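Per-chain residue numbering starts at 1, and chain names A, B, C and D are given in the order in which the chains are listed.
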Amino acid sequence: MKKQIVLTTIGVSLVLLAGCATGPSPAELDQQAAAMIKAAFRDQGIAKVDRIQQDLGQSACSSDKPPSEAVAKQVEAEALASIKWPTSGQYIGDWRAGERLAQNGRGMTWTDSTTDTAANGGSCYNCHQINKAEISYGNIGPSLWNYGKLRGVKDVTDPVSAAIVQYTWGKLWNSKAYSACSNMPRFGHAKLLNENQIRDIMALLLDPKSPVNQ
Amino acid sequence: MKVFRIISAVLALMLAAGVQAQKTTAEGIAEYRKMLEDGNPADLFEAKGEELWKTARGPNKVTLEKCDLGLGPGVVKGAWVQLPRYFADTQKVQDVESRLLSCMATLQGFNAEELAKTPFGRGEMANITALATWIAASSRGQKFALPQSHPEEQRFFELGKRAFFFRGGPMDFSCAGCHAVDGQRIRLQDLPTLTKNPGDGVGFAAWPAYRVSNGQMWSMQLRLNDCFRQQRFPYPGFASDLTVALGVYMGVNAKGAQSIAPSIKR
Amino acid sequence: MADPMRIRAQAAGDKATIRVLMSHEMETGQRKDSAGKTIPAWFIQEVTARHNGKPVLSAEWGPAISKNPFLQFSVKGAKVGDKIAVTWKDNKGETRTDEVTVS
Amino acid sequence: MFNRRDVLARSGQMAALLAGAGLLPMQAQAAWNAAAFEIKTMAELAKAMGASAPVESKDVVVTGPDIAENGAVVPIGVSTTLPGVKKLLLLVEKNPSVLAASFDVTDAVDAAFTTRVKMGQSSNVMAVALMNDNRVLFSQKEVKVTLGGCGG
């Protein structure tokens, strides 16, 4: 409470200093907004205030305008470099477990008890159509129905499928590698899902036996 | 023979039901929402809020009938569609809940800091929600017209806009990630575009709302609080400048939208 | 004490449509709290209605009725100015009656 | 689609349900009918058979949405225009307790009630009319319950 009062006072004096006609400059407003956001939040359970410390990609994608091409390129390059490729080259897990993860939108909120990846879902249906049998799906992301089939994946271990298999892993691990301001969480990079969980979602999307590819 | 007649009748019914089931999911959901409109439990909270406004309470044992919601002491009708706004006595931009904290402190003698710390749905916080519900209901059908003449109101709009686009947390979410493009959904839930007027009774013009999922009355402060929870952010202070600034941003954008609050939501 | 009901009673033709909202948790007894303890059942079991004092409806409810229950029914022969009273009683024995005038 | 055997089986289940619930034959009830609300599953009900077989009837109507956005609140109406109805029941087949509500019908009210029920999952909902002449008529409708929102 005290902090907020102080900030409000600063805000008011800034307005007065800047003069009645013009008000604060955009840069001043940026600073004030940052201070306001910092002052508003407190720790609650597993959700600590360090979560609002932005990295380059987050701050670059925090306005109604996209970042400059140079910044976007930098964000993408850093994200690509951060991708951890699967140990022993094993990309594909169990599509059934993948479907359960895709359905599960839980984890990482202040009402969850742990940040352990085992407690988290992939939230995939929140934004994507995946298996057509699920009618309750979101549309912020593209439809993933027939994801593997449409891309000609007949055997996930066949070298002709290697490019799409690797891209899909990279997208799940750190979506910003391919689009700086992607709305998709960085599941591997942000430790939302572990390698095995990502393998299972890979299977849901790419395994020819998965219902998604029927 | 009678049995056969019954069976064929049943089969005919089943066939008819099959044809009916051709309805799209969206139509089905729209029909469901329509069915809930008549008999909104928000009415219970609205009635409680009116009672609370007129009851002498708090250490000072007075009513809130002299509380100024922006249109003068005691004027409730029409106040909701102009909030949040700047108040000279507190020198702050305040939304309805922030303003209620001030009135309950100055008129009734409550401790505003204690009130703000009370969890949603409990004690005096439940009362603030009921009061906000009644205050909103008193402007039902009116169009949003937040004032933007005071420099602080203009500044809060700018700060709210920045907060709206602020991306953070372990999932890189911002308000804008879900509420800046038309026609988007999470699961089957339509997401209003809040960077402009999303239409009458949509978005900012639909809250407070009764949430059927948990049977709770949700004020805008609780709505924003749960948005941040789902964004995987830390916990925003009740009536903090951040939440009020977001209210100014959404409210100014909703200019001209007709308020249907209190509404009923999933 | 339980919060009041909201009752609307509107006459149309030779009957009145009654819409009731009751303030009640309607706890099923099947849910657990955050500590894993079962939340005890607490729900309205009986609902009755009277038209100018004469019983016209009685219902038995289970915990499957939604929180803050809604009930709509029609009373034959009810006219503008008549009194409609609704009473509920829950499994803890708590009860509440509210009355409105048909409009 | 339902075949003849399914329809008959359903009638049998309905009879069992009502018999188990102490609702067949009609009995005067002074207090809340705990037994009726303790029925947990259709399997449990199948044990107790009896009474005249309930039949589906287009004169008994159950109304509700095809899809419920939230199972916590599903608006359901039960009604009949038939004369001589004693009780109207509202059932949710897949709930832990199938009986949701029971309305005594008097001459002073229409045999038409609307309320809202909780549904744990997609299920048939049924309106059952217990008639003065001991006939048991019912109709049913499937309501799909979807998972809404973020699921968080």
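The definition used in the following text is that a contact is a pair of C-beta atoms (placed from the backbone, for glycine too) under 8 Å apart; a residue touches a chain by one contact, two chains touch by 3 or more.
Remember, predicted model here, so these are calculated numbers, not experimental data.
Q: When you take the mean of every protein CA atom shown, which chain's own CA mean is nearest to it?
A: B
Q: Applying the document's contact definition, name the chain pair with more C-beta pairs in contact, B-C or C-D.
A: Most C-beta pairs in contact, of the two: C-D.
Q: Counting in whole Å, what is the centre-to-centre distance of chain A and chain C, each centre being its mean C-alpha position?
A: The separation of the two C-alpha centroids amounts to 47 Å.
Q: What's the distance between the Cα centroids of chain B and chain C, rounded to whole Å?
A: That pair's centroid distance is 27 Å.
Q: Return the distance between the CA-based centres of chain C and chain D, expressed in whole Å.
A: 20
Q: Report the inter-centroid distance (CA atoms only) between chain A and chain D in whole Å.
A: 46
Q: So which bits of chain A are touching at least two other chains?
A: 109, 126, 135-136
Q: For chain C, jot down the residues that touch at least 2 other chains.
A: 26, 66-67, 70, 72
Q: Touching at least two other chains at once: which residues of chain D meet that condition?
A: 72-73, 75, 116, 146-148, 150-152
Q: Can you name the residues of chain A that touch chain B in the complex?
A: 1, 4, 7-8, 11-12, 15, 20, 23-24, 29-30, 32-33, 36-37, 39-44, 47-49, 51-54, 57-59, 61-64, 108-111, 125-127, 135-140, 176, 183, 185-186, 190-192
Q: Mind pulling up the chain C residues that touch chain B in the complex?
A: 3-6, 19, 21, 23, 25-26, 66-68, 70, 72
Q: Could you list, by residue number, the parts of chain C that touch chain D in their complex?
A: Against chain D, chain C makes touches at 15, 26, 28, 30, 45-46, 49, 51, 54-67, 69-77, 91.
Q: List the residues on chain D that touch chain B in their complex, please.
A: Against chain B, the touching part of chain D is residues 1-2, 4, 7-8, 55-56, 58, 64-70, 72-73, 75, 116, 139, 141-142, 144, 146-152.
Q: If you look only at chain B, which of its residues touch chain A in the complex?
A: 25, 91-92, 113, 116, 151-152, 154-155, 158-159, 161-163, 165-174, 176-178, 180, 183-189, 195, 229-230, 232-237, 240-243, 245
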